[in-house]
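Each chain carries a letter (A, B and C) given by its place in the written order, and its residues are counted from 1.
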Amino acid sequence: MTVLLSVQGVTKRFGGLQALTHVTFDLPEGQILGLIGPNGAGKTTLFNAINGIYPPEEGRIIFREKDVTTAKTYDHARMGMARTHQIVQPLNDLTVRENVMVGACFGRENQSLGHATDTAAEVLNFVELAARSDQLAGSLNVAQKKRLEMARALAARPYLLLLDEVLAGLNSSEIGNMVEMVKSIRERGITIIMIEHVMKAVMSVSDRIIVLDYGEQIAEGTPEEISNNEKVIEAYLGDPKLAEKLLREQED
Amino acid sequence: MKNWRNHLGLLVPLLVVAGMVLWPVATGNLSNRENSFTILKAIALASSLNILLGYTGYVSFGHIVFYGFGGYVGLYFVNEQGWSIWAGILVGGISSGLLAFLLGKAILRLRGAYFALATIGINEAMKAFVNNFDLFGGPIGMTLNFSVYRAYGGAAEALRLSFYIMAGLTFAALILSHLVRTSKFGLGLQAIRENEDAAEVMGVVAPDAKTWAYVLSAIIPGMVGVLFFFKNGNVEPHVAFPLHASIELLVMVMLGGQGTVLGPIIGAFAYQGMRGFLVTSPIFKDIQLSVSGVVLLLIVLFIPAGAIGWLRQRIPSLRRVLA
Amino acid sequence: MQQLSLLLASLPDGILLGFVYGLAAMGLTLIWGVMNVINLSHGPIIALGMFGTFFLFIRMGINPYIGLIPVAGLGLLIGIVIYFVAVHRVINAPHLSSLLATFSVNMIIIGLGTAAFTTSPYNVDFNMGSFRLGSTTILGTRLIAALIAVLFTGGLYLFLYKTRPGRYIRAVTNNRAAAELMGVPSTRILALSFGLGTMLAAVSGALIATFFPFNILSGGSYELKSFVIGVLGGLGNPIGALLGGLILGVLEGIIPAFLETSWVPVIEFALFVVILLVRPKGLFGAK
């Protein structure tokens, strides 16, 4: 099994706030890694460190055997890392197709406009947005914007896909669809890290799970191991709603 | 077939400008030619600015600095070094592009109003510097030796030639604008305009793309500067770097619609037409500036997308033609 | 040695003028801080303040310093009107909209002003005597103008920190959305801030008119100076503006001792761009 991404002792501070403390893990190719933790645990910060938005103060990030710790975020994109945003970031005044073409044109394959048009058509079909290709991205609803984020990331033909709460704000049938989509993306050979609050979903799709709490990695393991881990349950007691969810879902 | 449709958006702009060029030729009227020159110049400058403003989303309040700087450099070589107007125009365009490249590396880090302020500062610093620069004649500027025109068959012929060069530069500006808009590079610029951070996450190398957009938006203004000062026969610092002319260009782009090829043309027409009417109107002549101000305010407040943007929003089927 | 005496001669004047420039810049930077709008009608408002002094003093015989009261009142009123007519609708629009909206107000004022007053120079012949300080002569009008500028700064400080509307203004500056949630009437506060900004511009114009000739276009160069000062002191930091004004005044006093006066704007604007790049929060702001 080849290691696609290796995060080694990554530490990040914002002023006096310790956002990440020595986060360390290896991600083998083809896996889905779930990243969970209470609000403010540093999950999105870890994404930002991995894809070069805020380079970490300490530690190294190795992607496909290259040190990318201090590389710019666009370099990460070109090397094959793509992500979606927790708060959707559509390019409002461009059409849905053009949004996806940006991903294709400037992503790993550096596609030409013509090639990108074909890629966009294919990817939009996959995320079931094809009918809205000519609409302005700003006119989509939230669930559609989430799928647009996904389409843009996929169009880049990435090796690694970072999904930041793609399920948040969706209703249960939309969640079901999205989970299926994530699974079929993995089947295409794309490695995934997903930040998620919807426990049932993350437990069902992840091969492994890492739990962050106050920037510290408090547990790592298979979904079964995580749901029985005392430290995790303790951490979630600080966030009663999530603790309750976790416990309830375990009983299912 | 597909290719042909991709370039449909350029058709209307080219036809409009071709009409603009043919009008004085057909009527043989010199004052029509002067009017046409003024409008063509406005179209060329506004279309160039649109590459930065409309496609990339950066508001330059001092774009006229490239017109002034390139113009000064070109005229210096034409007048003092005996270069031809062609070589002068070329060197004017190159030096403005170079200036934009150097400036762009520094100031395109700034966003929003901070960038706008920096461009004002650069224009004013440049104006003040040229005012002190003896090689360019300091505060007096440079006056063209009348003998320079002789190489082109005398003053009248030189002016006629200037008109055709202006027409050529305007066509070049439109084609450049269209090529940028329909290219992959242009798609990256538009992504930056919509959301620079998201664009970078998708792999757009924003610092480079912005710098090249700045360079492309600076070259033709530099060339137009050389031509205009050549035609005018002289140049002075306050004629070369008028801050209000920068803002007029913004107004034109805004009037017609940012981010479209046709928009700046319509805007330049409308703005020059309105000014021409107001300056000669017995009622408005004294307060023409105020009337322009009121019109601008109404447009900013009520149709911020400009004429073309407004049409595109209302009638989506026109999108391909009104590119 | 000769340079030193030149320096000593021009420095006090520069400092005094600096305070008045600072007052003008304070108006610009207050508006920027509260609503992120660069007021491009700033210059013409300064010019209107100049004409205010002219009409009150020359035509009506009112002492220019008493005349500051009606000038300030009118400045406040004009600002509030401008806010509701031109700014309110574009307050959340992209920067280009508010820049062009305030620029169109600039065009309207300049157009009407040119029609009414032409562009020939006006002069307020007002003398407050002068006194010698070492080898330099200091004009009374400039000294008083500087004192009034400092007084206004103090007044603004007290207003912002000790009164309820002042606290509201600071709250909106800090975070408009949060302030609205706390029940701050943000529209009224924005209008008031815009009015205060133009009031300061008008007052500075009225003071400048007591010692420099002017016309309707004169505000433009003070508007540009206000940009430079605003950036020196930190855009959005009204108190920093006074210090920024002082720095500019000192520069204008020092540079002519070493270089020709025509180099002053080159250095000023180059400095302006450099500060924007290196310390966009101003010399005194957090980095």
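Following the convention adopted for this analysis, a residue touches a chain if its C-beta (ideal position, glycine included) is under 8 Å from a C-beta of that chain, and two chains touch if they have at least 3 such contacts.
Because the structure is a prediction, the values reported are computed rather than measured.
The minimum number of touch steps linking chain A to chain C comes to 2. Chain pairs B-C and A-B differ in how many C-beta pairs they share in contact, with the greater number at B-C. For chain B, the chain whose average C-alpha position is most distant is A.
Chain A and chain C have Cα centroids lying 50 Å from one another. Inter-chain spacing, taken between the CA centroids of chain B and chain C, is 32 Å. Averaged Cα coordinates give chain A a centre that lies 44 Å from the centre of chain B. Across the assembly, chain A contributes no residue that touches 2 or more other chains. Per the touch definition, chain B reaches chain C in the complex via residues 53, 57, 59, 61, 106-107, 109-110, 112-114, 116-118, 120-122, 124-125, 127-129, 131-132, 139, 247, 250-251, 254, 286-294, 296-297, 300-301, 304.
Residue ranges on chain B touching chain A, taken from their complex, read 183-184, 187-188, 190-191, 193-195, 197-206, 259. Residues 32, 36, 38, 85-86, 89-90, 93-97, 99-101, 103-112, 114-115, 224, 227-228, 231, 260, 262-266, 268-270, 272-273, 276-277, 280 of chain C are the ones that touch chain B when the two sit in their complex. Residues 51, 53, 72-74, 77-78, 82-83, 85, 89-94, 98, 101-103, 105-108, 112-113, 116, 152, 156 of chain A are the ones that touch chain B when the two sit in their complex.
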